[in-house]
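To start, the structure under review is shown below, and the notes come after it.
We call the chains A, B, C and D, going by the order they appear; numbering starts again at 1 in every chain.
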Amino acid sequence: MSHDVVPAGSPSYLNRKDDYLKRLRRIEGQARGLQRMVEDEQYCIDILTQVSAMTRALQSVSLGLLDEHLSHCVVGAAAAGGREAEEKVREASEAIARLVRS
Amino acid sequence: MSHDVVPAGSPSYLNRKDDYLKRLRRIEGQARGLQRMVEDEQYCIDILTQVSAMTRALQSVSLGLLDEHLSHCVVGAAAAGGREAEEKVREASEAIARLVRS
Amino acid sequence: MSHDVVPAGSPSYLNRKDDYLKRLRRIEGQARGLQRMVEDEQYCIDILTQVSAMTRALQSVSLGLLDEHLSHCVVGAAAAGGREAEEKVREASEAIARLVRS
Amino acid sequence: MSHDVVPAGSPSYLNRKDDYLKRLRRIEGQARGLQRMVEDEQYCIDILTQVSAMTRALQSVSLGLLDEHLSHCVVGAAAAGGREAEEKVREASEAIARLVRS
């Protein structure tokens, strides 16, 4: 595997931490931009377009985190054997359900 | 109608501007909270839970803005007559599609 | 308006009934295709791809119905005046929320 | 693990095949019910409510299949070692992205 096996439970996005921080700062900026648009009483539909863009950016963060979680925590736990993998899959499935339904 | 008919095109969320600003400030705070969680290398699944909460908060802003847009701009344009209403509906339908697909 | 104003409450998709029936028959066919895939024990991921295609087809039916509902019922009620439009918008907003959250 | 490790790639929902077939037959029935509603020219909003119910039923099938895929194929491949697990995770992540975006 090219993915390093990290101990199950430890954050699996360590190498890409800076990338996630950058994306989240951009999302924070989008939230501020939306406040300015409301403040300036811009057109509803334009605001909605920005909210959709921000939602997609957030979704993309989720999908990235989930992929790394599966690659590292779930695969790591399964490789280590024992019941840990089962618990990790259950957690991941619940997170996926929240994501799909949100 | 209890809703005031505002001229089509003018922002329809005027009365609730403060409420929207408050909700967007809270969403901005959630984006900062997520950065702290990544900074502190918290558990992926916990971060994902927070991202889902933030996505739901954004969705709720969208649904609110859309409802007011329909109540004011679309209904206002239709009451005024002419082709304006058709254009407003087309715009609203496109915004709904973006929302559903994001 | 090129859209005929139909009495509020009457089905607004009348002209496109055949189109909707055709799309729903295709969706029914997709549901049968999925049963065959499960029966034949095909690969999970391939089944999931088909479920996503079917979900998108359903979503597209929803967005079409909603657009016609706004164009006809909501605009019709608003043009007629009175409190009817308000009730129609409330109903439409609730349907949009169910759609976005499903 | 209580989950049997099945060879990676073999269908992981074997034990629950009958349950999935039953759910998909019910979804097929919902598609037929929607055709009757359109045929009978029922109210748009009522049709939309049924489409949302059907979408949720489909989503629940997806989430179930995905959970079993993770539990069996992904965990099985990881336990077996080698590069297979990586490929399984990539496939699963792509399926999750399609699901979240549909």
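Just so it is clear, a residue touches a chain if its C-beta (ideal position, glycine included) is under 8 Å from a C-beta of that chain, and two chains touch if they have at least 3 such contacts.
Since we're looking at a predicted model, the values are computed, not measured.
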item: Chain whose mean Cα position lies farthest from chain D; value: B
item: Equivalent interface positions on chain A and chain D, same or different at half; value: same
item: Centroid distance [mean C-alpha coordinates] between chain D and chain B, Å; value: 30
item: Chain C and chain D, separation of their C-alpha mean positions in angstrom; value: 21
item: Of all residues in chain C, the ones touching two or more other chains; value: 59, 62, 66, 92, 99, 101
item: Partner chain B, residues of chain C touching it in the complex; value: 1-3, 59, 62-63, 66-67, 70-71, 74-76, 78-79, 81-83, 85-86, 89, 92-93, 96-97, 99-101
item: Chain D partner contacts - residues on chain C that touch it in the complex; value: 9-14, 17, 20-21, 24-25, 27-28, 31-32, 34-35, 38-39, 41-45, 47-49, 51-52, 54-56, 58-59, 61-62, 65-66, 68-69, 73, 91-92, 95, 98-99, 102
